[in-house]
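As structure tokens, the structure follows; a few thoughts come after it.
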Amino acid sequence: IPRSFVQTGADALSYRHSVLKTLLSQRRIPEHGVDELTIEWIVNELAGMDSNNHKNSVGAGEREGRVICPLVQKRNLYLSHGIGRSGDLLSSQPKAPGSSLLNVLTNNMVLDLIKTSGVKACKEAIVVPCATGMTLSLCFLTLMAERKQAKYVVWSRIDQKTCVKCMLTAGVEPIVVEPVLHGDSLVTNVQGIEDAIYSAGKDNVLCVFATTSCFAPRTPDKVIPISHICKRLDVPFIINNAYGVYLKKCMAHIQEACHSGRVDAFVQSTDKNLCVPVGGAILASPNAAFVQKAAQLYPGRASAAPTLDTFLTLLHLGRSGWAALVSQQERNFGKLKLQLQQFAAKVGERVLSTDTNPVSLAMTLANIDISQKSLGGMLLSRHVSGARMNVTTGNQSKIGTVSFRNFGQHSDAYPAHAYLNIACGIGMQEPEIQALMDTLANCYAILADQR
Amino acid sequence: IPRSFVQTGADALSYRHSVLKTLLSQRRIPEHGVDELTIEWIVNELAGMDSNNHKNSVGAGEREGRVICPLVQKRNLYLSHGIGRSGDLLSSQPKAPGSSLLNVLTNNMVLDLIKTSGVKACKEAIVVPCATGMTLSLCFLTLMAERKQAKYVVWSRIDQKTCVKCMLTAGVEPIVVEPVLHGDSLVTNVQGIEDAIYSAGKDNVLCVFATTSCFAPRTPDKVIPISHICKRLDVPFIINNAYGVYLKKCMAHIQEACHSGRVDAFVQSTDKNLCVPVGGAILASPNAAFVQKAAQLYPGRASAAPTLDTFLTLLHLGRSGWAALVSQQERNFGKLKLQLQQFAAKVGERVLSTDTNPVSLAMTLANIDISQKSLGGMLLSRHVSGARMNVTTGNQSKIGTVSFRNFGQHSDAYPAHAYLNIACGIGMQEPEIQALMDTLANCYAILADQR
Amino acid sequence: IPRSFVQTGADALSYRHSVLKTLLSQRRIPEHGVDELTIEWIVNELAGMDSNNHKNSVGAGEREGRVICPLVQKRNLYLSHGIGRSGDLLSSQPKAPGSSLLNVLTNNMVLDLIKTSGVKACKEAIVVPCATGMTLSLCFLTLMAERKQAKYVVWSRIDQKTCVKCMLTAGVEPIVVEPVLHGDSLVTNVQGIEDAIYSAGKDNVLCVFATTSCFAPRTPDKVIPISHICKRLDVPFIINNAYGVYLKKCMAHIQEACHSGRVDAFVQSTDKNLCVPVGGAILASPNAAFVQKAAQLYPGRASAAPTLDTFLTLLHLGRSGWAALVSQQERNFGKLKLQLQQFAAKVGERVLSTDTNPVSLAMTLANIDISQKSLGGMLLSRHVSGARMNVTTGNQSKIGTVSFRNFGQHSDAYPAHAYLNIACGIGMQEPEIQALMDTLANCYAILADQR
Amino acid sequence: IPRSFVQTGADALSYRHSVLKTLLSQRRIPEHGVDELTIEWIVNELAGMDSNNHKNSVGAGEREGRVICPLVQKRNLYLSHGIGRSGDLLSSQPKAPGSSLLNVLTNNMVLDLIKTSGVKACKEAIVVPCATGMTLSLCFLTLMAERKQAKYVVWSRIDQKTCVKCMLTAGVEPIVVEPVLHGDSLVTNVQGIEDAIYSAGKDNVLCVFATTSCFAPRTPDKVIPISHICKRLDVPFIINNAYGVYLKKCMAHIQEACHSGRVDAFVQSTDKNLCVPVGGAILASPNAAFVQKAAQLYPGRASAAPTLDTFLTLLHLGRSGWAALVSQQERNFGKLKLQLQQFAAKVGERVLSTDTNPVSLAMTLANIDISQKSLGGMLLSRHVSGARMNVTTGNQSKIGTVSFRNFGQHSDAYPAHAYLNIACGIGMQEPEIQALMDTLANCYAILADQR
């Protein structure tokens, strides 16, 4: 083979070495997305460092990263030692330097993601191998280790089961603060939160717990004033930022809260933000010590799956790919809103005015038959998933020990009798909007006829 | 194409349909391992049922199972919805019937595994998408939801960090019961456990916590008498059976404990037993309600990764493959023990007599230089991982809030000054034994010279 | 799992069954591209029909489709029997009904592709598991079996080695007919071809051999008048349509030639048209018998790789995907031409006028230093591949036994002393055009300075 | 991450670098099989060198290695440029240094394989991307380029269609030399071959064509005396060694023929010897020039698939893995023969005495109903493939232009009226033998009853 041809090949390989070197030295998301072949090469190099992949290795312990099923081997890209080490998610494993490096690099990249996306005050961020709910529970348990007598969480009501469950799992009792109605929007009752802290006694309050990303007509919690209260009263503050990383407003508010108030941790879903399979969350904080304490509280090693999926996706996207996704969502949300408003006007309905919610919309359902509660199901059977019909029933329901009236409406009494929720999440494509509107129009017409 | 050829092909395909049908109807591990092509087909069929893989589907919610990175898509076999549903690991997801079915089938198969492996009294078993430690924490949190004032766990000491951490994570305080010395073995202080319950007050005791699989010279806890105490005193009993599924003795004892005493849950690692990557645990119980409560306590959906790896591995192995692995471990443990005894005799050391430990061995290190604490490291750099040297230091150390003397020795004062631990875990191959003994002999000789 | 969820899943699976059923019944390229998961499922079903994938099969012959290396197994998607059967590319294999079906379906789809792309007169088309050159040799050998004393091929000169070699391989001797100059274009010397047949004696002529897709300033051969001559004189006509499937003009001319004249076969590359790896060609003919004879001449089974890659790609694209690629090439060729003309005007060069060439362009290189022959190399080292500099040297060179003057210029004496060739092949993306023009401008400037 | 952990990882990676370095410098099959992760890494490095995988590369030619379908991309391991270059299978491609290197390394390894397996006199060996038949045709065409008037091939009859077809494809006429009967065996008529050369006139004979691996009762051709004749008379000699690489006797005879006589080329199947999918052949010769001429005759680039599969398999096996496969075949052939003899004795049949055939056996079928010709089909429908029943019919049949009596019996008149062929090919496992014998016994019993 002529030397010059080989030189061309060697030049090509130097690209991938530079990608890896930059990653190792800068520990940030690469500027541009990395091609698949190079990503596979990087993961192969990492996997090759772990003892389970050593040629002729002998395992004399009780857990040696052996994998019996070849399909399992492959799909885990030959990584089997998980992350962390007997009781610390951030510790390195002597048997698994490759997996350890994967963990460190991914955590560095998610910190970069959080800062790049607006929370510059963030000091530490890690992928926790549990979904958002369990990671929130871990936050509560971390606080409990230091505030042993504090049993209450002052919680700005949001009607998603997981948001309630995550408190119950940790064994704490929510003090529910109902949002207040401003126009169509359900907004944070800031004063109510402060009052709740006082009436429970601040030493009995483990933390305040608020949510940024939510279904309309609920709007993102006012985390800035809450953080000020928490700072003033020396009460911890945990934020559920489930799908807020790609929403600039949510991130800007968290940034300001971290900067001028008190935030102990904010938690975001890897799947809802980065379009990876369910399973991980990013635990972030302006207080590095909090994240480290939580990581040390986690008992044992853990699955590397969420970390690996996050690693692959961030390399695949690069900063420019991420920025493009964020812009696409902004643009498509605007389009969806406009089209929904036009449709609503045509059929005599109304899109609820919830301007501060940058991701979810609600349209009244005043002129159709809702007795069968079937619109969501009709849409699902027509391959539109995720749209939800919400009807005021007045029913009382219970999640664990906590009672709610009209669960699902974020409020005991919301004026609109029935409405439909639709969202424009990250990754939604423009053709989906058109298909959604067409299908909605069809279903609506059917139910309007039935009325 | 001649009809007869096509017939041959159709016959071949009917095999795979029968595998799937049997799996769906019997919900047990198949008798014999299923070939890779058929397994891939089964998973493809399951994935094809989930909404994220529907042709032209529209996602109008905040989480639609979109996957952006093709490598992530592939390695998750197109499954992205995780398992469970907002606060219940066992609930089905309307968007993800395939993932839901995967979850149900896997849980059925692990129940079959537990029963087949000896605990016929088991009524429910599920894969929890957290490793053993976190799953044990989940058990404690589940008990806490009903025994709110109980703050203590009576714990038969075993010196692995995760075993301590899992209690601290849940916010409970361990009452440490030291094991007692019988010959060389450290065995459960059954009376000490009963005494500890009495002195704490049984209503203040959340549960007793014991361990079956452990490093010699500690021996598996006597779970049968403990279960009798727990039954008598009405105190819950949680067993850490980390790598005990393939150890017939451990399973037989748990079976008897379930049968004649009280056992609330026993937890085993998926990675340590089934040779899958770290990340999951099997939560099993003779009391189906306990498992369901724990599953309902889990806040939110969760990663399907441990479930999927378990599913693939159990199909790959079949009952006969599993049985072969179990027999191989028994056989190889015997060989390893014999060879270690022969070596020990030759160099003037002694394999500690720990007959009830079916997986781990300990050999004294009386005649070598241990001042550098280097034997484990020497072995690791020669590609023998998992062997640990243990030296009595008399040091006091702390894990969280709990103090230990000589942590690592399972006892404040173990007579042997120094010993080496080696284990024969499931999947260890015969050539590994020879390589291990050769490397050990080399390293031992070097350290003997240095003395 | 609720019945309604399962129903949703079953509905989703019915889509894939309908895709397969339509494919089996209509045997055409599907209207729209099929998603990856469904394609994998289809191939899995086919592979499952072959005997090497039967559970517990016994192989008692000398070739049983066993595959030893798992990576080989995987990458061949478990297909190992190849296509065809001892001396016929179109025969079915009793051991391999799945592979046989794959072969039939792919051949049906390439026939559909050829017809859809313009040659409606095509009666049979198959994927030959050899690249274009060898497939052309196979055509010559097929003709030779019936025209035993015919030793000459009347060939419209085109200076690509393979075009010469394919005749030499078959053991025939080319009679070279130089193209003639019309303006800047080198066009077919139709009269010269007729003259050559007469002077060799038509019974001594195996066939006429022309080429449609070529580098400017050569233009596609005038296959219509040639086909008329061949019909009139009863001489076979073979067309090299290497990368002409996506060029509407090429296909239209072949259609007319098939319709009103004589065409025995036209051959096109799978890689150059369908963007699959090198290795296959589509042998097509308005005369089904010719294709069958060629297939029967092929000695033995053959690799299924080109067939499989073609199958996967056509399912992935669908008709609409293919149409989009074709339009993209047309559009991008126009853009490239315009930008090259603008650049040429700026630097005092000229894009040669070759209007009938729909894929390749040539620009004079009159004002730079060409003594080093380095422009192509300079571009390659800047990651622009495929551009070629052509300089009139007057040299005589030989390919096998055939002598050429100025090989590479398609003509003994082309007026332009030096020119650069660039093409806009199928799949070229718009950003490539910009990058190409930028790099070209840079390199040109350097060489202009050196002059 | 502690430096010592990273060191362990770096040590592990140095193994793979040493594997690649050794491969590049020694260009031989590695001593021991290489693990899958390392093989994937090697191929990834090679693929990364090709221009189609360069970051931001621009393709300005007509064939740029673009791949549109991701499944095709993946399964070709990102390699798309094929091997060879416009008319030479051994030329390097400037755009594809990685593919070129793959080609060189594979060819070096197959040369090593041929030499290691017994033919030390071999000077050059390459993977031709066509199966055995087409590669033999290529050999004939190569000879024809220099022996233009030679139209006949003196051929030792063997009744496999491809063996006849490969001559017809090349346009040569076989002179059939019937084997002679020695005991039960059909052996080479050496004198008949010499006579045939004389009567045709040696300048009219393109070559002698013999076969080493064959179905009993035919035995491997006596290539040594034939090679002596060819040397003496200056007539080329081509050997079909289809599945002879793993048969020590075949290789020893070829070695001696190369050493003391004349052999121009010997051809072996990659699939039948190396258990890769159908598609390639190894063209080997004691005369490097012959191989190079054949490679240069091949018109154009070609599929890299057979090369890649061979590369992967040889790395996977290593010399020790190959040696183990060869020994296993020897051992299993002995077992199969013994069991067949025992069965034959029991039912009053006889295994034909064909001691020089090391791979195929024939057992008489004197005592069953053969009127339905059904034994092969019965076995196939019971998942035993490859067994063939052979019955003397006296029929005349034609392949192309060549007539045969009793085609399938290698002879106009073989004494045994009916017999069954079974083979023990490489890769046959011991359990297959048992299953084969059981199924045979069942089927035999059924047909014995029908008689």
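For clarity, chains are labelled A, B, C and D in written order, and residue numbers in each chain start from 1.
As a convention for this text, a contact is a pair of C-beta atoms (placed from the backbone, for glycine too) under 8 Å apart; a residue touches a chain by one contact, two chains touch by 3 or more.
In this text, all values refer to a predicted model and were calculated from it rather than measured experimentally.
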Original post:
Which one of the chains is farthest from chain B, going by Cα centres?
Top reply: C
Original post:
Which of the two pairs, B-D or B-C, is linked by more C-beta contacts?
Top reply: B-C
Original post:
How big is the gap, in whole Å, between where the Cα atoms of chain B centre and where those of chain D centre?
Top reply: 49
**OP:** Compute the distance, rounded to whole Å, between the mean C-alpha positions of chain B and chain C.
**Re:** 57
Subject >> Junction residues of chain D - those touching two or more other chains >> reply: 8, 40, 51, 54, 70, 74, 94, 380
**OP:** Enumerate the contact residues on chain C facing chain B in the complex.
**Re:** 1-2, 4-6, 8-10, 12-13, 15-16, 35, 37-38, 40-41, 44-45, 47-51, 53-55, 78, 92-94, 97-98, 100-101, 104
Original post:
Which positions of chain C touch chain A when the two form their complex?
Top reply: 8, 11, 70, 74, 380-381
Original post:
Contact residues on chain A for chain B in the complex?
Top reply: 36, 39-40, 51, 54, 56-72, 74-77, 79-83, 86-87, 94-95, 129-134, 136-138, 141, 144-145, 148, 160-162, 164-166, 168-171, 213, 215, 242-243, 269, 271-272, 274-280, 297-306, 308-309, 312-313, 316-317, 325, 359-360, 379-380, 383-388, 399-400, 422-423, 425-428, 432, 435-436, 439
